[in-house]
């Protein structure tokens, strides 16, 4: 579904990604892991069109998307939830969700994803008329994922969804991710919590200084001795 | 245009300016500078002035069988039939720019005389430049009385100044009594906060006090206001017999429209020309202008009575699409006077032309103005001007006072 | 903390760059001082005087607007005060303009400090609008006051040439050297400011108020000081301008147009730079004068079109100002 | 001075204030959306008035009937100006604020020059149509009909703006873009399109106000200057970006202006407005309704 070939990207002359290639098939969860500054987030930002690719190709369903603006990529059915969430803080939860379905004109296309989101995150329903800024960190993350789901994506890109969240809610987020996948949505997940991620992932890649150092199925990566010592703390 | 291009090139490359020399006129051409606002808020004034002055230039340079000053000869006979050429400059209503342009015209274009400038503030500066360079300056229509009181030798004004104008307005009001109408019991002043407005109002207050006519409202307003509703309310509540209004075009339009909407109808509205006389004003307010009275120094109904006035008015109208008005008639006349003085001096030298101007004595019949004569006093002011009062009827101003010039009967009171 | 024994390399580079700037400035000043020998033409001299005068005005503006980041569009108030005080003192009391200018400048400084209290609490556009409003209010007051001659304005009496009364008929030279002296003075003040603690503070205020405060910079006092210096020189230039033109009225020395002419050269030349104001003035003032002389007589809006397009083009294509063009030709060292 | 005059003046001030508010609303909208002060605002007004002038000359219709057309024309004009010019000023990395100020300022000069070239500096006016020269009398108080109708249209326009912002998807998109212009791409919104629409809407409001002004005001290339300072003060007094702040501030300015003219002197009427503005920002540096 998503194919990334020889991707390179960087900011202000600094190379953040060099020659990164991977693919995600429909319905899969791919985890992108690595230490801080390894380029994990840059992978997502480049795919989402937030950061321009310097070289290499990105194809989605066979079509090149590496030169499209971010909003065009969203329209193709790829939703991105950035690490900082980027909610509209002075708008209500309802309005944030409603904006997610901005592209859809048909009533059904708006109501169906809303029902899904509220089933996944019931606490959002209680907060519908609160301002997004008043939510807790975990609730904000739920709202960010919910807003992304409202665009009816086929591919969901999540950047560190467990960052800065109470442990109790982390499990809830991971459960939600699994459920989203069960609904047939492909997921590209950037995470520090490798153990939990690998538990739900099909495949994983590990980056170090902008290059892929380990790639394989979740089981293979979990079994890799280097990964075990460096990332899983075993 | 070659000269201007020279300046452009020369001044941009500053170092190259060493080689730049004033490019004086050809031998058979006598240059006169005309300084007006051609851009900015007063641009319309400059554009109309240019048509009037071009008309004057044609009158002087071509041969017309008209009994007007400098009409019959083509060019100036005393200078071998030399033609005059008007060089225009833009002052944007800014005294500093007026100064710079006056200096440029004198030193670079080699003009032997200056005409201008509509705005009295600019005329004040230009008159000083003219004095320094000993080039005569005719203030065609700038009407501030301070101008001829500077003690300058190179300053001349053929037309009236604001005190003469205002005086005429009061003489007109006096005449109402003589014609058996009710005397003016009270006046309200409505004037803009510029030199033109405040100077006029100052004289109006003096003359009203001298005649013991109470001034029941003294409304100085900010020029170009978005709304004059409150100002009109103040006037209306003072319930004057007569409003004396001094405004430029924009405020004149707004004032008359607002007064109509608010139902303010004094017995008479006596205007200090300017905005209330402009074609743009008349077009904008339509029938609301009917009944307005304005002082004027040009009587457009002259055109019908004197064929030579009709001829030059037609030339002007062909260019501008408008009839001569108070300003454009004086601008035209200024060209005649300047050309006549140059011819009498038979010289291109400023001091000689200045002396010719000082000695000039031209009967009014040789001009298109209803003036007795043109003869400048020691201060450069022509005191033989005559003023008329006009009243707007069916969108056209017609002379109603004094009697010998009147072409229609005065309607009074108008409400 | 112990003083380092040797001066670190970047600092020597900085010092030598500053010495070089000073040398260039002296050379430019000398060349300008000699320029009138080559220019006889009054009209060109007129443009030169205005260019240099507005270069110095914009340099003064730059001290507040550039270094301190307080974008004032109301400097006409200081300019007008300088002009009015100088002329009024001369016309009414016979006080020579040399003292009048200082008096005007002193009043401008007092006003700048008084206005600083309400204004410097305002951020960004609020500050800018407030400066416009203050200048417009001052314009209204001057136009309605007695001592200013109201709308009639004040005219210098026609007098013979004299250095004492700063009146000259045909020659522009005295005004030229006055303007040049002022330009050199404002340049040197700017040059000094760039390497003093105050200058660093001001620029810190400009780049990041919060960071500046955390470094212990008194933001308010920095703005006040910059404002006072800026107002002082603006008022002196206003006095010179008044005697140069010989007639002042409210619109010609206190309108928004003047505020704009003061700020535009620095903005287009390079805001917060040492050479930006001069460079901007060299382009803008002759542009304005020449487009008026060249296109203005037609009654069409050509001069406005040319001027407007130029301002837009420089803003869009050279956001760092024209001064950044210099680096295309002269590689930036150190 | 009688109570009736005071009431009369207050009411005319109120009506004029509502018109000022409408004139300023476009400026407030654009600023609120993208932090750009449009220094060509007055010249947009001038363009709109000439557009109306041309339309009236061509069709002979009532200016108020043509108001929707002028509003649409100005929408297209504003969006085109954004896409053609302002977009590039937004991209600039250094001195962005200054670049925006002086780009729009240069644009204003250009528009004035073009107007002078095309239409000459002559003063024009359109036939005010059905409201021209009429007035409404309320128990001895007379109000000019153009002002009354203008004030009502202004109120209606503010009502429509409220509905647009609070009740439509476009309104939500505008609000979201205003909060975080980068984040809207995450939901598939093209921020450039939103900005273009925002400039279009802001200019459309200018077009609407021009149609009202033309029923009682004249037209010339510099006409914008008569209104632009009031518009700036209105927006700053209300709080930059607050459209309702502009409504409140406009009314306040209309009232203060009228009362200063009555009680102090007509030539100093703006001085009262300036004094109140300075007093307000001294205590509320972000205006009456500006967010902190």
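The letters A, B, C and D name the chains in turn, as written, and every chain counts its residues from 1.
Heads up, the rule we're going with is that a residue touches a chain if its C-beta (ideal position, glycine included) is under 8 Å from a C-beta of that chain, and two chains touch if they have at least 3 such contacts.
What you see is a predicted model; the values in this text were computed from it and never measured.
The chain closest to the protein's centre is D, with centres computed as averages of CA atoms.
Comparing mean CA positions across the assembly, the chain most remote from chain A is B. Centroids of chain B and chain C (each the mean of its C-alpha atoms) stand 37 Å apart.
With centres defined as mean CA coordinates, chain B is found 77 Å away from chain A. We define each chain's centre as the mean of its Cα atoms; on that basis chain C and chain D are separated by 32 Å. For chain A, the set of residues touching two or more other chains is empty. For chain B, residues touching at least two other chains, in rising order: 39, 43, 47, 193, 220, 222. Annotation for chain C: residues touching 2 or more other chains are 140, 143-144, 299, 301, 303-304. Across the assembly, chains come into contact as A-D, B-C, B-D, C-D. Across the complex, chain C is touched by residues 31, 37, 85, 88-89, 92-99, 101-103, 105-117, 120-121, 221, 229, 232-233, 236, 240, 265, 267-268, 270-271, 274-275, 277-278, 281-282, 285-287, 290 of chain D. Against chain B, in their complex, chain C makes its touches with residues 35, 38-39, 41-44, 46-48, 50, 140, 143-144, 150-153, 155, 157-158, 169-170, 241, 244-249, 251-252, 286, 289-290, 292-294, 296-299, 301, 303-304.
By the touch criterion given at the top, residues 71, 118, 121-126, 128-130, 132-134, 136-137, 140-141, 143-144, 256, 260, 264, 267-268, 271, 299-316, 319-321 of chain C touch chain D in their complex. For chain B in complex with chain C, the residues that touch the partner chain are 4, 7-8, 10-12, 14-15, 17-18, 20, 22, 38-39, 43, 46-47, 50, 88-90, 92-97, 99-101, 103-104, 107-108, 121, 124-125, 128, 131-133, 144, 146, 150-152, 193-195, 197-199, 220, 222. Per the touch definition, chain D reaches chain B in the complex via residues 1-2, 5, 8-9, 12-13, 16, 20, 116, 120-125, 132-135, 142, 144-147, 216-218, 220-222, 225-227, 230, 257-258, 261-262, 265-270.
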